[in-house]
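Some structures are shown below for you to check.
Next come two complexes built around chain A: one with chain B, the other with chain C.
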Partner chain A sequence: MIDRVRLGIGDRLSLIGWPVAAWLAALLVVAPVAFLATSLLDPNLEVWRQQWDTRLPGQLYETVVLLVGVSIGTLVMGCGLAWLTSAYRFPGSRTFGWMLIAPLAMPSYVLGFLTLSVFGYAGPVQSTWRSVLGENAWFPPVRSLTVAILVFSTVLFPYVYLLARAALRDQAGSSYEVARSLGAGPIEAARRVVIPLLRPAIAAGTAVVMMETLTDFATVQYFGVDTVSVGVFRIWRGTFDRDAASEFATLVLVFALLVIGLERVLRGRARYGQAAGEAAGISPRRLRGARAWAATAVCGSVVALAFAAPAVRLALWALEEAARSDRSLFSARYLEFLQNSLVLASVTAVVCVVTAWLVANARRFGSSSATGVAARLTAVGYAVPGPVVAIGVILAVVALDGALEAIGLGLPGALATGSFLALAYAYAVRLLAPGLNAVESGLDQVPVDMTSTARSLGRRPGAVAAHIHLPLARTSVVTALVLVAVDALKELPIVLLLRPFGFDTLSVWTYNLASESRFEQAALPALSIVAVALIPVTMLSRQISRREAAVTDQEWRPGHG
Partner chain B sequence: MRSRTPVSRRSSWWWLLAATVTAAVVSTSCSGGDDQVVRVYSGRHYDLEQAFEQFSEETGVSIEFLTGSDAELRERIEAEGEETQADVYLTVDAGNLATAVERGVFAPLDSEVLDRAVPASLRDPDGNWYGLTIRARTIVYNPDAVAPDEVPVTYEELAESRWEGRLCLRNSSNVYTQSLVASLISHHGRDRAAEIVAGWAENAEIMANDVLILESIAAGECDAGIVNHYYLARLLEDDPDFPVELVWANQDGRGVHVNISGGGVTRYADDPDLAQQLLEWLATDGQSAFVDGNHEYPVNPEVQPEPLIRDTFGVEFKRDDLEASTFGALNPEGVRLMDEVGYR
Partner chain C sequence: MDSLAVNGTGYADIADNGTGRAAVSVHGAVKHFHDVVALDGVSFELGRDELLALVGPSGCGKSTLLRAIAGLTALDTGTVELNGSLVDDGRHHVPPEHRRIGLVFQEHSLFPHLTVAQNVAFGIKGLGRSRLAARVAELLELVELDDYDDRYPHELSGGERQRVSLARALAPEPTLMLLDEPFASLDPNLRVQLRGEVVSALRATNTPAIFVTHDQTEAMAVGDRVAVMRSGRIEQLASPDEVFHRPNSRFVAAFMGEAAFLPVTVDGDRWSSRLGPVEHDGPVTDPVALVRPDDVVFEPLGDAEDGNGSADSTAGRAAGSGGSGVIVAAEFRGAQWHYKVRLADGPEVYAAGSHLTPYRVGQQGRVVMVDGHRLTAVADRP
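Let's look at the complex of A and B:
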């Protein structure tokens, strides 16, 4: 028994190895951002003053309203639907369980444009409305902050939904059952047991949602919403002042740090680990009659509005376009675009999740707060708008190239910029955070006691991570892979800027057409992004169904109180 | 048995993934060879492929190109420095071209062919860049909503209060809006320009793109607006009865505001002579192939525009001959002005 206290050399090495890995990851993420942040050393006060006197106060206000609105929207939709599909059985509940993830495949800029074209003044809805109620009939303004909030909530709620559902299934569900069997009513059980257990998942999901909203600059412009990110791009592209633009980008960063801080607070100090291994999950109750159909209607309308209707609209456009032009529906290079998109998304997902896994475990094994800081730093990339990351990566790679040349190890020219490696690096910098959030929220549910027990029984950290953490957090790891892959498929500014000659993806193709306002022609590539993004989403949903089937097979049903 | 299958399937997935990645990395890092190649970074997307293919057929020089947004591509060339692969940088809007000069992206050219083909107001005085296509930003209106005697004929009158609630205009983040406002500053001085833009802001619904503006005018949400002429040409190509009319602005005065797309040879081009040859071809023999598909006007006065705009919009109209380099340099001032008067 005394033996376990003495550390072997391997042990020492692996104890040093974990934090080093975490810090290396943090350094790689921070380097490109730091290159741009140097502009802050010599701030352009005139631009700041001019902005403060004109648009900045409005931008701050609209950014805050947008972020708060979208978090409330995604929280209500994400948690509500996760609870509904996990805790109850109603017609179609199994199917909805995975279909509700589908909106994730829809880029927000696509849904934003579709919303305008369908509900806008010239669109079919308002035209019908006017023909029924008269020319001057009132209709709520579509180009507005409120509609922007609704659009973002509709495409982003699956981030919260996924993590909340995973948490309900893995851990919180069985605790709820225990609480209920011990006599707690459903609301009390939810309030005292489920919500605290869900908190890490909800906090992680909401943080991802807020970052996505914060760095968007295409969708908001459709709705005339003026956020700080829009401000950065106006300064950059309008006044051609890169330094001032990167100074303003730090404002976006400040918002992001607030979000990260908020997430920490929400997640709380406590570690709500569960003792159970493979959790039994929640056992759903059957809804009957009107309540059952109401539940079906709610889920059905969300799926219809967020996914089915937009997809059909895109498909109709694509068909109309094909009928109109004599050109073939599919570009000759379609398969190439598809392959490039798939390769890029897979590589990014694997790189991000492996790194996230290392960092998350490093935090678990290293008690030092330094590792925690490193973990938080890796999230920085997600808070920086894509084009800013891309420019930072070019500068970093060129600097690295210069440094290597100085010691006689020059990279081949093509590797320095515009290479697949630089592209994948930028993607990883930008998308590590959603991966890490998902992985951490899974790992947080593994009790700390379990880790320390395994360690004290002589298992090395690597073995603990592989044989104890991984099986318990498996759902979260898969979720992380899916989230990153889907994000990578939709990502545009980075691939646009860093891709090598001839490396076009589906999103680049969509952009080339959409930027010329050729939306009907852009329908097919946009639809292809959605279709391809459905692949990882389906993989995830299959896993969900499999696990649910396993849970149901156990037929573990406590009596009702 | 049951647990075996998914494992082996998974590992074959991994192999497939690894193989494709290797292929992608290898294929992208081994580009280049002995053939003559011009590499182009382009912020203009439309019809590049057709024009470039034609150039390759005629000259045997192949072209590789990369599309993107103007500002980012310029940043990429700057950041790449001497390592850049770009021989030619093409972009839309005079402001972008002016900034590229300021940042030292271009190497000045000395080309008689280009000087003859491109009118002086549409190229850089020092030969850093040359305009290649012309787009006019002008007034459009719905003939059902605007009586013949009140059709707006100047940018300035759209600021009058009779247009309140009747205009659709493009947002201030857009370069075309910025250049138009820059031209107002140049002609009227800052104070008068601010008055006009404030009037627009008062009267207009601000939109994210020109197609939305045209569709809103057609549907009756607003009666008039300002757009680039080729967006209307595209809609007319699909639907000849599209209910929006175009009027060339300020014909009794300085003429309609015209902007350009154009390009130059980069400072660190691998083969500047070939790059120059491409630009010369685009401004002469290649003009039609380059401008027609997007319904733009050729810069070269000897080349006829394509039939749809020639017949519908006409060729004989007065163009504001303010130098592109002048209003290009005023773009940032235009953005600040719009901020101050609350034009979103």
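Let's look at the complex of A and C:
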């Protein structure tokens, strides 16, 4: 039986619907940045003069020193540890291979306050120091730029570590051995082959680290460091002067653009060429005796200082606090803030993943490259620092508010300055990129031929997405939900700037308690955040150890079918 | 574009618009990808029950042509008509789900989360449960996979998967079937068997088909006609015999099989080469003579004692004068020996020889035409 088909309204909608959805998503992501950028066109010189006369020079200096310092710190730690765990075998080297990414689960504002509590004036270290060396004994200042750099480096080095390790495995391995066989010593081979090959990975990792550092304005305040992001926070929370805050936020945007430019320059014309198939990587050399134990000690102390000890400290405090308060472990306030966090994280995750799903599918169905551009635009939010997104969203929502009012649809309440909607919007803009990455990698598992076949069998794109793409990419969609939700739960800068009055999340509560040096009370919410953040980190480390196991299998089982 | 509005409600209506029209007709199809020209003015028609084999070197645009017909790629300019209905005119494109075209790709395009029966049923619409089951059973029977309905794709062999793909593509009764290198990932023996089955299934259902392959043998075995593509154009579209034996260019000749080319002397209407007269229909620009390995045979010099007396009985009478040469390479092909012979002043030709009488490299002799074979003039476009 042949049924006659004709293009009705539904068909036409399904043809234009996908690209339109992708462009709508791109527009929503770009709008805040665009609104913010327009304030560059009409600068308020009065604001800038006032800032220049007061804090601005110091903020510029401290921002630059912080960014450069953290880059160097993460480079040394990330590359060094990647090389150590890839090129050598020593007791525990396999385990450290994946354990070294654990610090990713430790938000900088948590490690920051733990550092203060341990090394600060009232902390155990300085107390002991004074009791041994006398009341006025000198101790290096803890609330300082140097310590802030150390804290950020400790938390952020895994970004460089991961990329450097992957590059070592996929590219540098055989090249290193070829160089050695051509007569280059290990040092020369590293200098002439490995480091140039690692450069794109290092550039990318460092760019991520700088962005993460730039977006922060909470942790740095523990250490009395004043950056341009702190400036935005101060202006907005101090005066709620939208224009001044957006003027200043453009400065943060300029820093972000500089970081992106720097990455491009450093990467040069090199590309991430994925080696065909599973590369064997550098075949590791076995260390013996003292050198082996020294390597173990280095890796062990990094894991201990960056993750294990802080986690134990938090756990002990949380237990002590529970015992002292003589109530249940979870107070009513804790539960309220937990609920706020969960609601915000779930809303963000659903919005981001649904949008990512639409964009990724639009790209698959769209024949034009314009849809690809839209997809790339929706990912820019991740490269825009939190303060910029936050202030940009305020501007965008104000504009929307005005537009709605003009057509007689005024929204109730102060939509812009502290509504849940604005907050969720900002979160979505910032976190769409990781969601899109995960969803796209899932959809990439579905061959294009399969999509084509399904359509030629008479199914519209929507049906193909629902019946073919979704079942096959299900795991990635779940991964995307988890990744975005966890990032949203950890997120601090945006919620500090945009939270509606009285709306505290676990991260805000942690930050506020720690700012008042109530470390014991901050322990429980901090520990909750770390525990949740461990979920994606565990997923990632599982992947790493599984891949390593696969490589090892290949070593003793050559030529599989 | 009023020509698109064939039924007033939409701009296309793909159905059986009477008989006698071409299943596909493509006119002046052009497609660019950035600055690469994938299709450079392709025109052809396909009959209602015809199998067309589409061959060409990789990157010649054959897959793009297939995708344009299927609606997976939109043309820049040109038109595609299916059964007389315009589906692409470079501006409006009927999406693939409304073209009623069956697609079979290389392996791995079965939906892995659906069973064989669910895969086959995917494209069938508007049937009740029992009629659907009957239809699926009928299709599986057609491809000889009667008891496979509950299996999942990963439980099938490569050949079985392709048969399911075929059944699935045939299920909605497509007006046209497009097969894009469907057997490329199968081993050679299975490939030959399977393509026979596919062809008979297509014939049994009277489904016209375009079959893309990069294997010339396969193209000639499958196609009622063969289209040879190159750089986004169709170089020649003709019967397998004509494409192989009377190619219209040196490129087609060389692409379709082993070939050597000899200079042609034109003397009015009498064209000849050193191996004998050269056939030609009408004028040929820069003609060269096409020599296939089966056209000629190698005769060793002098000694009739070394065992090739009877093998040559058909050879020699049609021989010209200038065939003397020496074997410079010899390759054993099982059923035959394959010699490369350098002729007296330079050109080389290939000659097939009996496996009973092998010659060595260095053997002097002469190349003569096999009885009944003729040399063909082709245009010397490389």
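Quick note on the criterion: the second predicted complex is superposed on the first by the 328 of 561 C-alpha atoms of A that agree within 3 Å, B and C clash if a C-alpha of one lies under 4 Å from a C-alpha of the other, contacts with A are read in each partner's own complex, and residues count from 1 in each chain.
To be clear about the criterion, a contact is a pair of C-beta atoms (placed from the backbone, for glycine too) under 8 Å apart; a residue touches a chain by one contact, two chains touch by 3 or more.
In this text the structure is predicted, and so the values were computed from the model without any measurement.
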Touching partner for A:Y176 - first (chain B), second (chain C), both, neither: neither
First, second, both or neither for A:L457, with chain B first and chain C second: second
Which of chain B and chain C A:W98 touches, first, second, both or neither: neither
Touched partner set for A:G238, first chain B, second chain C, both or neither: first
First (chain B), second (chain C), both or neither touched by A:L472: second
Touch count on chain A, higher of chain B and chain C: B
Touched partner set for A:D449, first chain B, second chain C, both or neither: second
Chain C to chain A touching residues, read off their complex: 7, 9-16, 67, 70-74, 94-103, 105-106, 108-109, 111-113, 122-123, 125-127, 165, 168-169, 171-174
In the complex with chain B, residue positions of chain A that touch it: 50-51, 53-55, 116, 120-122, 127, 143, 221-222, 224, 226, 230, 233-242, 324, 339-340, 342-343, 346-347, 350, 387, 390-391, 394-395, 398, 401, 412-421, 493, 496-503, 508, 512-513, 515-519
Residues on chain A engaged by chain C in the complex (per definition of touch): 1-8, 11, 15, 367, 447, 449-450, 452-460, 468, 471-472
Of all residues in chain B, those that touch chain A in their complex: 17, 20-21, 24-25, 28-32, 39, 45-46, 64-73, 75-76, 79-81, 83-85, 95, 99, 102, 171-173, 175, 178, 205-212, 215-216, 218-221, 231, 234, 238, 294, 331-332, 334-336, 339-340, 342, 344
